[in-house]
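As written, the chains take the letters A, B, C, D, E and F, and residue 1 is the first residue of each chain.
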């Protein structure tokens, strides 16, 4: 029983906006006010928000770990020694698992989703998440270049096709213990494996001649058929290419009416100058988003400094390696997807990077409904998640934002619109884009709010004129009713829950299966036995299954 | 009694692996890790005795091996990695962590008959 | 005052601020070092027509590359002027000379922390001649550029040192005839050339066409110094000459510091007055309106035997 | 009683062939199918040649061994934890935690 | 040993239905082997020339001039012409994989040989898809690398003496630590040092207190100060192993052993260490 | 007014000691007691300088000068990051000595171990004996090693000498191991004696000067034999430091090779021609 009194509460989902309100947590959840005594925190003069929810981050699994191995130089100067209740760790853009947990918790985040996991490597991601303390976690399962999905799409009979996909996607999700369907550059990764160049929405992709548009529409439909809590989580084709706004808008039009989450939209909102350079297309994208409440997105905001880019989008990573000359790692996950890793540095003096930085903020400022956009840096692609407080300050303080624009490449104003935007976020809006909004987009009814029944996760901030300082160092972070951070120091360390979706139509996670034909394909073409494919329950000792339907 | 210089390469053999799993004190394993493979011409040149035993010497140490001929380049000898080969390895890793497991300069000499007898006495 | 019976007029030489720099030009032997030095300092008598005033100081004591070398000084009216002329001259006259290399000669005469000193780029601009094959090399704390040329590599220092220096120190020798005037000037030049840090930019160190500011022609800003031209003495009002004066020679001095110029002038005057037939030593000025630096002849000679020690 | 394990993962080498068939009779491995010679031997001989719990050369009890091990590790200024090439990642996780606790050095055979 | 059949040369794939027939197999080794006998091309090289060979291949792939090499010049004991042919083959293939063993990193050049190979692979990707796979010997040596990487940031040679992970192979790696006598106690798990390490390193180990977790009798169990018998992973204990291509698999317990797993033994030691440390703190 | 600080080793420790606290920067202005109490690490134990060294201090003319007497091969990281003054190790020195050094002078009278002057930025290190591997190199994963300063070694050096160096000078009178100047970015490396395999492999720019002809990779193209002017300067510069390079001095001729062709071919290897 924990009581938090006198705090100024921001709980947008429940319509509470800066009102003084006492909060009660019992058994790890918020409860109605009760009389009985317990530990009391006097949050007088402080601001209270629900625990943060990161809808898109790369923190665990094969590619993150490969990046850690590839880039020891990321770690040397960033370390934390072991303490009484915490393990040691290293890493700036790709911190070790324990450090990842402590740093998220230190910022007041209590829920984080690993955004790209191939089913075959899901066991690895879950193992790492077991070592990522203090945050509830889940994974998105990669399906946009899955050979079995493409094969299923060859079926001409629409009803049969739909049914096959339902069972295949259910099985992939249940096997990988995933939370959502993730699609990365649909068809493009497979195409790259064939050295066949980039794909547009209608490019037929080997070996089955299926197009990106077919994959997308089918998976969006399946997502709804399975009543999954989250939308289709989509990284569209042509990430990072000037002029990709054409593809992004076309994708949006194709998927109009479906629930879709467009991730790291900044990287997909690029116009092109006559000379092939980058210019902002954020206004067009924002306009479309504003007219389509069925869509959500996250920002993928650039942070200046070193980053480690990693994505299942292997062709894009190869391109990045070729343009930067930086080191490159690439992995081919049989039958399912690929991935690539390139460390790099965003510099304010580089026009391209400066424009990217502006475009992300433009999206955040031009998309009117904060429930439709989530604050992310696509960690660690556009920046480390530890930069969230800095971005919050950029959103809340237009003077500060303009002072940073002054330090960018002088021509950035020719290609972007940021300097004309006057909007400043309110605390309520920040609470929406960092917790309530993502929780809603994820369909997590127990997250992102402080109402009775919600998970007992909350953050207490000391108000500060400098919003970066305020959000970087909460006074208290409380998870499941336990004080995990006090004055910036982790006070205890324990494992969070693993959030898994149970697709509609399955009785339990072991219920799914492959059709006989696909099972034969699996036996023929996968290098492991079908029986060894599904992630065993041993890997999710604190699993919370979200039933759909 | 012949002798010659050559290059030693330590290897892992499937026979060694299979024998190892039967126990590292098994005769099969012990014999396998002391078995040196060399080119047939080199083998002939060494004029080995009946037991085909030879002394192999590197800068780090010396060991007795049992020679067998097999197709392969002249002047290069192959010995499974194990307690016998270890005696010939230098610990220097040149800062890499990896000692020179391969390409070790060695001298091999057939073992004289009387020494063989001594060996038998001891065993 | 009088020195060796020669009148030293109580007047002053009026000098101007200039930018000065020193090159050390080296080559495989003295001959080629000298050839390069002659070329790079060629046609550099007056900023008016040449953009720069230059002279060879003499063989370098110790060169950066240990080869034979010559030190040369250059003076120009402005920073930009010096920079562009040096780039041209080193490019056309040093780089082209067989086996040559070109180094910043340094300015040990000036305290290293003086605010009169600054750096200017040479190698970093000349390197492009290497067409992408150039390479730089840092030795000690200095960077050099190595440009491939047909006999090997031309090596040139990245940055050279320039100083706020002085140009236009001078004195005039008034004599009874050309022979005495020239002999006297030669004696002065010999003496002055022993000094480092100063140059006498005119032919053989001597100028016979002294000038004055202005002209009766609008398109000319300077013209012949009519007050010291003996052949028109009768026609010129306020001629500085008397009937016994039949020839005048001028010695112009550029130097790195005021002190060096003063020293050189004193040494020159003392040598000049030893020649029979010299009647008067005077100096050129514009009434003190144009130049910042005034070298009073009496003052610089008052220091006793060495001149500028007061 | 015979139990047949299907799709067993072979732990011998980095190939991790996962299609082995292993028959177990009364807690004894009696038959291995689909494995290579080494894999088969590893399984067939796994239950033989087992070592005994020993402290300084003499057989000892579990608690004594743990106490002695801990004493050695706590006393050491520079303990080395090494190996971990043929055990589970769960065990490796614990080994790293232990190394951190005793402030030692941890390495595996991939360093050589 | 089933690598060729299950994964590489012989395996039938979605795009290689004919298995071996759809593939070109090139073996580079210092002597003939069963694998080389079944290869399309076998290049028998001289030992220790790995770096130079890969460097030459890179030059050929990049289309650069090779100083001093003519068709019949030998590079690593093989005619330059054959390397030219191999380079063409690699560039022209649809999807290539280099599988390399520890022979590469245990020969002269060591890790630089692998770095050079990586460069070759990267450069080949400008023409086609190409990958490299390190052939890992021990069952879960990759898992050991993976766990160390996610917990400490580094895959091997990690030092915690200052309370946080530091990394430096050659300094904190086992052979070097033993050679320079920088360890004063050892805990060895699931590896037989007597079978792997230079004898002098083993001799030093014998001179310091050593704890050994191992299922079977071997040379090390004869001298270790504390020998804790454990159930062999994947037979007497379950858990996760990482395949050489990073695919994790769960191993099941097949039979009961009377002894604990490595995990349990380590937990036991850790508890005991914590108890001792708490005791120390209490004093 | 300067200081002269004597650290006299009491006994060679059995385990290595990390002593990055021993720099002129850190010892300056501290009394003997304070110096003795500065931390060092022996394995996992935090200890003090005074546990290993007698400390004596006197005032002197000139800059801060620290003199260590004794065989310090077991001491790692001495002089790490030092920025001024003089540090003299009368015997051998352990790993990472002078790593990240920014200025001043570090003299080692005995042998130096691996990673001498790694990531050094400025100053000068001299070694009277041999040096280990990775002199002036980059730590794993870092793309740039030494970025300034000078390392002069009278004896031999190990493998990867000057690898990934960005700027500066390393001169080794004796032999060097394999991969000398591997992936050299710029700067100058001199090796008077024999060198191991593939010197200059993957170098981008910079100069490697060798006293003996090595076997070069085929990505190094022979240009000409000549007398580079900069050699004279380098020779004079080092002679000024009391470090004399090849016999024949300034008049030496060199074979010039360009490479590595795989990385643009802007680097050079100069091989001394004795006649």
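Criterion: a residue touches a chain if its C-beta (ideal position, glycine included) is under 8 Å from a C-beta of that chain, and two chains touch if they have at least 3 such contacts.
Each chain and its UniProt protein: A = Formylmethanofuran dehydrogenase, subunit A; B = Formylmethanofuran dehydrogenase, subunit D; C = Formylmethanofuran--tetrahydromethanopterin formyltransferase; D, E = Formylmethanofuran dehydrogenase subunit B; F = Formylmethanofuran dehydrogenase, subunit C.
These numbers were taken from a predicted model, which means no experiment stands behind them.
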item	value
Contacts common to subunit B and subunit F (chain labels)	D, E
Those chains which touch subunit C and also touch subunit B	F
Per Cα centroids, the chain farthest from subunit B	C
Most remote chain, CA-based centroid, reference being subunit D	C
Two chains sharing the most contacts, counting C-beta pairs only	D-E
Distance between the centres, which are taken as Cα means, of subunit F and subunit A, whole angstrom	47
Distance between the centres, which are taken as Cα means, of subunit E and subunit C, whole angstrom	73
Separation of subunit B from subunit D, taking each centre as the mean of its C-alpha atoms, in whole Å	29
Length of the line joining the C-alpha centres of subunit A and subunit D, rounded to whole Å	38
Subunit E residues counted as touching two or more neighbouring chains	1, 6-7, 106, 108, 137, 145-146, 151-152, 155-157, 160-163, 167, 169-170, 173-175, 178, 182, 184, 196-197, 216-218, 238, 240, 242, 247-250
Multi-partner residues of subunit C (at least 2 other chains)	none
Shared-contact residues (touching 2 or more other chains) in subunit F	15, 43-44, 114, 133-134, 139-140, 178
Pairs of chains, among all present, that meet the touch criterion	A-D, A-E, A-F, B-D, B-E, B-F, C-F, D-E, D-F, E-F
Subunit D residues within the subunit F interface of the complex	76-78, 102-104
Contact footprint of subunit D on subunit E as seen in their complex	1-3, 6-7, 106, 135-148, 151-152, 155-163, 169, 172-175, 177-178, 182-191, 193, 196-197, 209, 211, 213-218, 221, 224-229, 232-244, 247-252, 254-257, 259, 261-263, 266-277, 280
Complex contact set, residues of subunit F against subunit B	114, 132-134, 158-160, 177-178
For the subunit E and subunit A complex, residues of the former touching the latter	6-7, 11-15, 94-95, 122, 125-129, 131, 145-146, 149-155, 160, 162-165, 167, 238, 240, 242, 246-250
Residues on subunit D engaged by subunit A in the complex (per definition of touch)	6-7, 9, 18-19, 89, 93, 97, 100-101
